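Order of writing sets the labels: A, B, C and D. Residues in every chain begin at 1.
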Amino acid sequence: EGKLTLSSSQDPGSWDPIDTFLVAWAAVSTNIFEGLTYRGPDMELVPGLAESWEELDEGKRIRFKLRQNVSFHNGEPFNAEAVKYTFDRLLGEEGAKGPQRSNYVAVESVEVIDDYTVDMKLSTPDPVLLTKLAGYGAMIVPPKYIEEKGEDFFNLNPVGTGPFKFVSYEPKVGIKLEAFQDYWGGAPKLSELEYRFITEPATAVAELQAGRVDIVIPPIIPIGMIPVIDADPNLEVVSVPGPTVDALRFNTRDGITADPKVRKAIIMAVDRKTIVDSILAGQGAEIATFQSALSFGHDEELAPLPYDPEASKKLLKEAGVEPGESLQIDIRGNDATMNEVAQVVASYLQMVGLNATIKPYETNVLLNDIIPQGKTGAMFQQKWGGWTFDYDNTAYSMYHSGEKWNPYEKDETLDKLLESQRPLTDRAERERILKEIGAYVADRALELPLYNTNAIYGVSKRVNNFIAPPDNRLKLDDVTVE
Amino acid sequence: MTIKQAKPLLAVEGLSVEFGNSRVVDDLSFVVQPGKTVAIVGESGSGKSVTSLSIMRLADTMGAKFAAGRIVFGDRDLLKASQKEMRTIRGKEIAMIFQEPMTSLNPVFTIGDQICEVLMLHEKMGKAAAMAEARRLLDMVRLPDSEQLLKRYPHQLSGGMRQRVMIAMALACRPMLLIADEPTTALDVTIQAQILTIMRELQKDLGMGMVFITHDMGVVAEMADEVVVMWKGKKVEQGPVSQIFADPQHPYTRTLLAAVPRLGSMTGEEFPKRLPLTVLENDVPTVVGEERVQDTARYNDVPLLSVKDLFVRFDMRKTMLGKVTHRLSAVSKAGFDIYPGETLALVGESGSGKSTIGRTIQQLQTAHLGEISFNGRSYSAMSAADRFRMRQEVQYIFQDPFASLDPRKTVGFSIAEPINTHGLVSGGKAVRRRVDELLERVGLSSAHADRYPHEFSGGQRQRICIARALASDPKLIIADEALSALDVSIQAQIINLFMDLQAERGLAYLFISHDMAVVEKMSHRVAVLYLGQIMEMGSRRQIFETPRHAYTRRLLSAVPVADPSAERNVTLMEGEIPNPVRRVGDEPAILAHEEIDPGHFVAKSA
Amino acid sequence: MAGFLVKRFLQAIFVVIAITLLVSFAIRLTGDPAVTMFQGGGSMTEDDLARIRAALGTDKPFLVQYSDFLKGMLTLDFGRSFVGGTQVSTLIGKAVPATLMLAFVSMAVSIALSIPLGIMAATRKGKGVDQAIRIFSLIGLSFPNFWLATMLVLLFSITFNLLPPSGMGGIQSYIMPAFTMAVILTATNVRLVRTAMLDTLQSQYVMVARAKGLSESKVLYKHALRNCAIPLITYFGLQFGGLLGGIVVIERVFNWPGLGTLAFDAVAARDYPVLQAVITVLSLMIVGINLLVDIAYGLVDPRIRTE
Amino acid sequence: MAATTSSFRFKSLEFILGASLTVLICGAVLLSDVLFPGAEKVNLLSRLVPPLTDIQHVFGTDPLGRDVLARVVAGGKISLLVGFTSVFGAVIFGVFIGLVAGYYRGFWDMLLMRFADLQLAMPFILLAITFIAIVGGSLTNTIILLIVSQWVQYARLVRGSVLTLREREFILSAQAIGVPDWRIILQHLLPNLIGPVIVLMTLNVANNILLESSLTFLGLGVDPTIPSWGGMLADGRTYLQTAWWVSVFPGLAILLTVLGLNLLGDWLRDSLDPTGRTTG
């Protein structure tokens, strides 16, 4: 019983699972839609709409046993047809219009074996596929509903099998859900959910303080405002390590940073621990590779290069870099934290005799033009969400030659390593290769790894049973309010 | 005679007014009895307007300081009254007619609005009643088409029409005291006579006291009971009107009276005449200057300016689609020549199109039809360079001096402007010298060059405009009521200046004036305008000695005589006031002209 | 008048076409919506991008895209948002009234405040009141609107819990955003009114109006104000136009679902259809406002002829 | 005392206060390198020190431990440069266009005013992003951008006033004399309409100082290590509830600057307006 109000930082515009990559979509839709698999806040993959599955044909076919007696919010039954319909749609014409499809290209087709059994045929084995089935584009949609009402209607009036059903949506304002009494997992404890789209951090916090919002979903609360929430007796900050990692990538092709020695010198010149402790107020962790500790492929053993300005200076000298040499750091102009971090980095570099200037860009310009075209300064900000929590997702885009986010580095060894792990279904082997990639990249010092930030939730104390998920995918069926 | 002296309506006692540290009114005293008129005459810039504004307590807003004195109205000292108290007095108990009608009317409100406002305020009338009353007032001051006029804006009226609006506004609430600051300067004599009669009647009916400021001694003779003569900020003489005219005591009063132009004084003369001038030298009136026959017109040359069949019309009403339905024909088929060295006077009823003709010649107004040529060349055939030259050679003195001076520029700048524009004198110092010289020629001093227009009196501003016109060394000056705000002695001085320049340089004038005596004194030929058409045109002598057209005769008979003992024979004009606004298609009939004597043209009545 | 309106209408069409052409072209130089769509963690290949571009229609030559847009506009169909595919007309239909209302209320409040204050300052030039008004007005300017807004929220929503900190709803929700904007507008307007009034207060007709015995307020508000109304009308018009297109910050701080937010988000996502529609609507409104201003000139001052 | 043609009275209180304030601020800003060397020095050990608790940081420190006072003083460099130049540029450009459009009316008026419409219909963020994306971000471009986005205000303001002024008789009389158009425009129209322009100008300096920071937010290439008032205010945004001093001091700096400018502006306006005053 009761109503929970949440603030989300963005309006995804459409509730259709195949249209978007935005976490803001997932923050809402996890309550509406479900996939064959499910990954909760503990990051463990568990059965979702599929009760079980088995890998056949050396990983090229997966057979799912579906949950029975599940129905969509509109009363339509959930069955193998719905699964087939979902994937046909995703991989067909409709899916071609959206970005999600690219995640599921490994799926060749879905075959209905019987009402509650489907086979998923893969063109190549995809070790991450089961994880992907827990999210976004693979959410099971109601075939009849979509066929009857049309795609446009579905965009704005989503229907799924999840614990809450859609009530109303007002673009740029919010979306309202209500408890789905017939949910297979039992009716949720809350009767109503309201998400409000609030883009402005201070506003979100103010709403929280005013008691008009119960949970502020990340990423919005700025580090600087954490003390405000902490100081409020009715509120608390809940933070969990998230998937988001930040690094300053080097231009490894031209200029002084073409020399790995210089790159290492730069890394050693920056005291990342202090940055995490002070600028991030501890809401993050130092990283050695461009992934979070939760990520598959993360290597506990691999330690980041130490902070050692003296060694740094020495390296620079060896590399023949004169004191006073200047370099430019490109960042996203609207990233307040990075803004501060970059300034601190610049001041650390100053101490080893490098003159760093910072150039903020509008995000799109940076992502569309500056990085892909290789027009960056000596260092540039890379930020990655990696919702699959799998190093491959990041590493491939970052380091494989020809990828958009990798304008400079062409390294055959690295390319081979990246390619070799992709079809492997042997988790251990894959993990080994991923770790090797991590170590290789760290050794080559392709980037200055900074930190993995926490997902910071602001939560009212009237909310109970709330477990903060690291990936924003809040499923609120167990939550209660006072 | 002071036995049954009632309590005076207004008593000014020892009033001194200062601007900054210059005292412009010094120890002035006079009283106004109910039903009586005190005329204040005096030198231009002697503080007349400042005095009236002080009575209204409006001089405060101009930055005036009352150094001493009292102004007792009823039993209140107005100088001690707050602005709030003054508001209940202004408009209702004391009304004022301002000197400069152009700048006194609010340009963005209709005439009707501005008159109704007082009525609604003080007489508590409703809008409709006020409008009806306003109409009656406009009819009373003989404005044509009063109903439509109420909806018009000040800039659409002629100078005299505006002045009559001001008068109507001031009389609207039947005040106990009326301060009239040069109320008739822009009016032709026939209308002036009419207005003066109305004022007198109101005075009789209401027992209204009047402070009447004027430079026109004829008007003084006609209106005043008492006369106060001011000079250099001081009262120099005061007395009953007959006494002042018969037996002036102060030398300044004597010079003033000596300078009064008298209609008919030139009878028998073929040409205008430059007359010697009585000026005050060391407080003694002395006659200076020569007498000279002004035979300067060169009729054998090509006319300097030739106006043929000029029509000027204003669109008055339009349909939604922009089609004109009503037009005002301001000028209809007017034509005349001006020869080098000649003065052509243009006289006529207020609103008859005199200023419009002048403005059209100066290319400030586009003609509907007709041709104007200067020096034998038609305007339409002129190149840009020729036009530019023409703007040096033809100068226009606007009827309203205040409005025609840039409020943000010193008058020195304004006078220097034509010099600089046309490169007549080079070098800053030389220009400045020329400006000083011009200022002195019009009776001001070089120190005035650094002041701004609002710091001058009406007559001073008019002289500044004259100086500016002279600055460009023109061949033709269009003087639109250019002397009307000047006291007679300065006026005489300027007339002589004009004549001297004419003699020296062959300057020609188009002299627009309502003052028949001055016209008689100055002009070679005279054109009489009525409702946009020339009624009669001929040499000075022909017009003044053998006027043929009825309108001309009426004009001459209405001129007030500067002699309080003279009989007044005012023939009031009555009946319909002719309306210049007509439907499109219903154009006014164009009258044909007849040459009854060589050079003497008269319109045949339709 | 009718001819004038027709002329202005034709000019308006020209303006709308010119600006949409310009904006559509320029924005396409600054980023690709297809790439933007992968923000948030998707790995993309050129194939993916090409596929999405085809779906969005951004693979067609620019002029084809533009003429499609024009054709759509003739049937009042602005197309679909690139983000989520909502009908653009739905988005615009919600945002325009929200912004208009807010802009209108703020303008009204600001004018209602600034005219009396400005006149008060002008008539008491140099006195304490004048100084106070002038200095106070500067405070409104020296701190950015978000600063002011946040302060108000802290005070009225959090400390006193009187007003909702954000969102559009009842009258209450208008108070803070409108007030914030009004404060900033008023800062400029007060001084503008003051200056304009100073220019007219010395005129002779003001003196004549006083000579009529009119109350000071009539003299000031009727006679003087109307004579200095031209710059004020001009500036109010500019401000109003500016409010329609430029109140992003206020809209964001108060989470107001208006045109500014819509435009901002559309720019950020390179959502061309929304952007083009916003620009079209905005330019129509601006042209309309400026037309009204020009007509107002003629009404306020009869000497100005509407051409 | 000999009258001078100049009506600028340098003894007025407004002038003295305004000028000294402006000179003081500009002076401090120019000397910032000498007064506070190393203003950009980051010190993560002394973050967000409140004002008046540490003699070394009278105004406290910012989130990166830099001295707020030093940064406020140094921040004036960019802020004042951007504020002044952009306003002057926009004024010169806008006033010129407004004068031409209003005075000549007809075709030019139509053309220029439709350009104004175009400009006005372009939201600032959009203009900023496209402009900078196309020409690249730099201080000069930022200034050009501000000029481009603001000339319209002046142009329309001026044009409106010209429309009434040009019907006034003193303009006609200048035309009658043959005064060339450009002189009428500069010597008669301009002084008579400059009042509101001065007001807008002095106020827009503040506005542009603030706008400069919103540009950074949009990603225009101004280095955040270089302090600017607007930038500091923007940075202080998240600290409004916990560390007010981070944003209040730069705000006060802007306040004092516009105060000085406005006093000067009022004085200038009064100097240019002789009406209602007696020349000695």
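We take it that a contact is a pair of C-beta atoms (placed from the backbone, for glycine too) under 8 Å apart; a residue touches a chain by one contact, two chains touch by 3 or more.
The chain list, named the UniProt way, goes like this: B = Glutathione import ATP-binding protein GsiA; C, D = Peptide/nickel transport system permease protein.
Please read these numbers as outputs of a predicted model, since none were measured by experiment.
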item: Selected pair, greater C-beta contact count between C-D and A-D; value: C-D
item: Centroid spacing, where centroids are CA-atom means, of chain A and chain D in whole angstrom; value: 43
item: Approximate Å spacing (C-alpha centroids) for the pair chain C, chain D; value: 21
item: Chain B and chain D, separation of their C-alpha mean positions in angstrom; value: 49
item: Cα-centroid distance, chain B relative to chain C, in whole angstrom; value: 51
item: Multi-chain contact sites of chain D, meaning residues that touch two or more partners; value: 129, 133, 167-168, 192, 237, 240-241, 273, 275-276
item: Touching two or more other chains - residue numbers and ranges from chain B; value: 61-62, 155, 454
item: Chain A residues counted as touching two or more neighbouring chains; value: 202, 362-363, 365, 369
item: Full enumeration of touching chain pairs; value: A-C, A-D, B-C, B-D, C-D
item: Touching residues on chain C, where the partner in the complex is chain A; value: 30-32, 35-45, 48, 51-52, 54-56, 81, 83-87, 90-91, 94-95, 146, 150, 153-154, 157-158, 161, 164-168, 252-255, 257, 261-262, 265, 268, 270
item: Residues on chain A engaged by chain C in the complex (per definition of touch); value: 11-14, 16, 19-23, 96-103, 152, 155-156, 170-173, 196-200, 202-203, 206-207, 209-210, 212, 243, 362-365, 367-369, 372, 384-388, 393, 396-397, 403-404
item: Chain C-touching residues of chain B, taken from the complex the two chains share; value: 53, 56, 58, 61-62, 83, 87-92, 95-96, 98, 100, 103-109, 117-118, 121-122, 153, 155, 166, 169, 318, 320-322, 402, 454
item: For the chain A and chain D complex, residues of the former touching the latter; value: 201-202, 222-225, 227-228, 274-275, 278-279, 332-334, 336, 339-340, 342-344, 346-347, 357-363, 365-366, 369
item: Complex contact set, residues of chain C against chain B; value: 1-4, 201-216, 218, 222-223, 226-227, 300-303
